[in-house]
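Below is one structure. I have some questions about it.
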Amino acid sequence: QKMGGCSSQSCHHCFFEYETERMIVVKSKVVGSVFRLIQFLILFYVIGYVCVVQKSYQETDSVVSSVTTKVKGTGFTNTSDLGARVWDVADYNIPPQGESSFFVLTNMIVTPNQTQSTCPELPNQSTICMSDSDCLEGSNDVRGNGIQTGLCMNYSETVKTCEVLSWCPLEIDINLPEHALLVAAEDFTVLIKNSVTYPKFNFHKRNILPDVNSSYLKQCEFNRKTDPDCPIFRLKDMVSEAEEDFQTMAIRGGVLGIMIDWNCDLDWPEHYCGPKYSFRRLDNKIPENNVAPGYNFRFAKYYKTTDGRETRTLIKAYGIRFDVIVFGTAGKFNMVPTIVNVGAALTFLSLVSSLSFSVNAVCNWFLLTCTKRRDYYSKHKFTYLDNIDDNAGEPLGETTYGTR
Amino acid sequence: QKMGGCSSQSCHHCFFEYETERMIVVKSKVVGSVFRLIQFLILFYVIGYVCVVQKSYQETDSVVSSVTTKVKGTGFTNTSDLGARVWDVADYNIPPQGESSFFVLTNMIVTPNQTQSTCPELPNQSTICMSDSDCLEGSNDVRGNGIQTGLCMNYSETVKTCEVLSWCPLEIDINLPEHALLVAAEDFTVLIKNSVTYPKFNFHKRNILPDVNSSYLKQCEFNRKTDPDCPIFRLKDMVSEAEEDFQTMAIRGGVLGIMIDWNCDLDWPEHYCGPKYSFRRLDNKIPENNVAPGYNFRFAKYYKTTDGRETRTLIKAYGIRFDVIVFGTAGKFNMVPTIVNVGAALTFLSLVSSLSFSVNAVCNWFLLTCTKRRDYYSKHKFTYLDNIDDNAGEPLGETTYGTR
Amino acid sequence: QKMGGCSSQSCHHCFFEYETERMIVVKSKVVGSVFRLIQFLILFYVIGYVCVVQKSYQETDSVVSSVTTKVKGTGFTNTSDLGARVWDVADYNIPPQGESSFFVLTNMIVTPNQTQSTCPELPNQSTICMSDSDCLEGSNDVRGNGIQTGLCMNYSETVKTCEVLSWCPLEIDINLPEHALLVAAEDFTVLIKNSVTYPKFNFHKRNILPDVNSSYLKQCEFNRKTDPDCPIFRLKDMVSEAEEDFQTMAIRGGVLGIMIDWNCDLDWPEHYCGPKYSFRRLDNKIPENNVAPGYNFRFAKYYKTTDGRETRTLIKAYGIRFDVIVFGTAGKFNMVPTIVNVGAALTFLSLVSSLSFSVNAVCNWFLLTCTKRRDYYSKHKFTYLDNIDDNAGEPLGETTYGTR
């Protein structure tokens, strides 16, 4: 453009020139209407969808977040192993502090007073034996319970199994209580404090809004209708919103996601940007394609006897792990994506005219009389210049029409 | 473009044609200057802002990171509960290993020798009673300390409260020490090892730079001016950079963010890409809209007496949790965003000529003499062809001027 | 475009007009071929690279993930400190449950029966003394082992060091076992359950695919060729894929990343979207620029003696921390990025014609005869209109050629 025009001028003259394309204006009701309609549709699309819905004029940033949680509540159990017992947060919240995840024990299998000694393995396909020759000393099955000693011992009156060196007595985990032991866990509450940052926009906010005072916070409980700003959640309510039954989930345990959505449009004032809570069960509760359904892990409390020997209480802890998952994208107006997106959409505007012309040419193809008109327009739109390189030296003819 | 031109030719001829728009060049000092100025501004914007500042010619990727931390230091306390005592990392770093977060105990309330038994509740609105009828057996307040037995007992000489089954004696947490117990915590140091990856670009790097040797690392301490490459940070320095006082923060605890920014331009050599450390307090220290200000959690150490009964020491641990937050985006030149962004900006260049023309037309509207010129230019820019569809069969007239 | 054409018409007429640029068609084999070739290359680039490879017509979203892990296996050690001992998951998996990270103890230095008392410091540059005056009471070196008492004691027959108040006897960690103690750790297995979400597309999936049944899961082990869908991984296999030797890494410990890549094209059916596992060592194993190579941390087990005094066993635990790192981006067709990217690429198509013209002009510059042709084309491409503002009122001349 500039280059062609300037090549025959000096730069000084060149600077003061201004180029624009020559246009043909076709006065035609049909073609003109179609053309305007397509232009309007594209403009509407650019403004309506690209700008308003997709917000493509904005620059984006991902959220950076920090979470603290604090569980409150006590529960009561009465079992043959442990007797009548009260459980408080130091007992059921294992480990005592995590980053954005907290665990609440709801059910358990307890094996107290384990010591390092030898005892017969639990009976299964690979451990049942007839004599010592069936057992291999030093054998260590990953799915087993210890190191085999090579002896075949009586497990019970009816079956013999290979003896192992392990923490004895072994844990028998097939008889999980039918109902979760810590029934009161559904009424426990958790205070979630979440602080987010969008570094690119230097934006900081917390989920406890500035206008909420501390006396309200000391007694409130989250409720979507009555208390949507309260950061204290009852465990049962969260599980219910995820369309699960707390007591059912509590038997084998599970993983519940507490999603905090911080998607914000920072072109609006800051107080419009707030957390949106939702809850989803994250683990697979379908037993058919699941190994170890639910959620459990083993931990132990270690003690020393008076004679200095170590004993432990092994606890297979079933419970619900709550993962606080914070995500979000912030958008803010920025010239660059605006130019990119609006510019690209406008490219389509300028292409539309060519498209319409072709549509017109195609649809007129079938009308005999329009053949003339197509040529007529072609003449006006297109000026044909013959081969430039083939006829070196000879004066070049023109095949343009309609301009004389 | 191609379609219209080719419709009257065979494909063979079509292939060897080359189309370009016809242009009008207006020699006008005013309009030409304005036009060139707008072109220059857009070019400058494209190069200066889009390319250099916003780096929109680059493809981006988000950081994937792994962190390990190791705290060092010992502290000394002398309290009535525990006596003279030294605290080392196994004592104050709870839990002993985390992923990218570590906790340092600075203050505590210790309730030793708790056992499962019954005792009167702590007095408050809902626990004070006159007689047994004020207490409901089995009642379990989430904010309470155990399961009520139904009896009303003397809490002290002046007040009676409902008795609970719980870990007794109950914790009395209203008398938090005025000064943090573990004063020496401010001099503890933490070694932070951070390994990052940008999977899309197959880029890996660590925060301990390759040119730093191990004898330096054994004794250095991070300092922005003198030792910016040392990955060992003094806790007090980090808290100070976040504009907080360590000892004040240590009384009730808090959460400090250690931000590691890995924003990198991978078009530059690899050694330009490094970690940028910054520190921010993440929890809300304003007590007015805060429940449980600071940061604390409860944990217990469990013991067994000689007669097999379980006792525990409950510790309400206040301290500073340090969250290592790694974020960043890498950019690298890629043809696709370059084409997209530069292409879109260039669209604006071509639109400018139309804009200038309209500006010229509008501003000339008020000058009577310019009416002639506007028409003059219109004639040259626009060639009008009359209704094509209305006059089927009749020869079409032309209303083009200035080309004869 | 619209504006210029409409300025001399009423809006009604304006609506039914349709504008398109006037084009010159140059019939030239050379220039035409070059032009078509460049057009073809750009189209090929747009379709082949922008669309197929880069998928720039898609809108993207980042993965939101939740992970649970469960380690299985037992190991056997026989040391002077602890005797013959079996280790199960409650013993070596510290802490017992984490979020997406799990630790397996492979080597250790055990210091049993520590009590709060005084003993001489370990000898080094800053602790060796001749007399009490060399030791400062209350001095507390961050890299030291306790609070100095001010006395200079015999550490051994040959050297004297300053006495400290600390957990005595002090840990001596220079004699790390040459081979990892828990050799069997390489055969332990871990079950990884990973649940991912792409919130923008409401897409949820787990790494245990729906068609895998639970009896298969109870006995399978991940193998890239034979069992790529099994979520149970043998520790040794994972370390080998990261090109490390398990037993070597197990001596001082390390950090292994288990990357789960969920990059998906959601325009394809859902079952095409699955996890891709890879393994990388994340810590720096090069000792030259490393402080505390490998991975270790200290923790303690606390006990109470019959007279109520607290003792502890300090364990410096070396082992491999496995970080499950889930990342990924999902793409799905969306009109907006399609318009943006395709539109921008098409802008280049229209610019190509101007580029070709200039290329032609430049290359013809050197051919004397072509000077005529360049002017010839210039005449047809460019219509020059003289200064509009300088000659107010006078009839404007034209310097256009070739249109008569």
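In order of appearance the chains are A, B and C, and numbering begins at 1 in each one.
In this text, a contact is a pair of C-beta atoms (placed from the backbone, for glycine too) under 8 Å apart; a residue touches a chain by one contact, two chains touch by 3 or more.
As the structure is a computational prediction, the values presented were derived from the model and not from experiment.
**Q** Do subunit A and subunit B face each other with the same patch, meaning over half of the contact numbers show up on both, or with different patches?
**A** different
**Q** Overlay subunit B and subunit C by their C-alpha atoms and let me know the rotation angle in degrees, rounded to the nearest 5.
**A** 120
**Q** Would you mind pulling out the distance in Å between where the CA atoms of subunit A average out and where those of subunit B do?
**A** It comes to 16 Å between the two C-alpha centres.
**Q** Residues touching two or more other chains, restricted to subunit B: which are they?
**A** 1, 4-5, 19, 21-29, 31, 62, 95, 98-99, 303, 306, 340-341, 343-344, 347, 350, 354, 357, 380-383, 403-404
**Q** Can you name the residues of subunit C that touch subunit B in the complex?
**A** 1, 3-5, 7-8, 19, 21-29, 31-36, 39, 45, 49-50, 54, 56, 62, 94-95, 98-101, 103, 116, 140, 142-147, 165-167, 255, 257, 259, 261, 280, 282-284, 287-292, 295, 297-300, 302-304, 306, 312, 314, 321, 323, 325, 327, 340-341, 343-345, 347-348, 350-351, 353-354, 356-357, 380-390, 392-393, 396, 398, 403-404
**Q** For subunit B, which residues are in contact with subunit C within the complex?
**A** On the subunit B side, the touching residues are 1-2, 4-5, 13, 15-31, 62, 64, 66, 68, 70, 72-76, 83-86, 88-91, 95-99, 184, 187-189, 191, 193, 195, 197, 199, 206, 208-214, 217-218, 232, 301, 303, 306, 311, 334-336, 339-344, 346-347, 350, 354, 357-358, 361, 369, 373-378, 380-383, 402-404.
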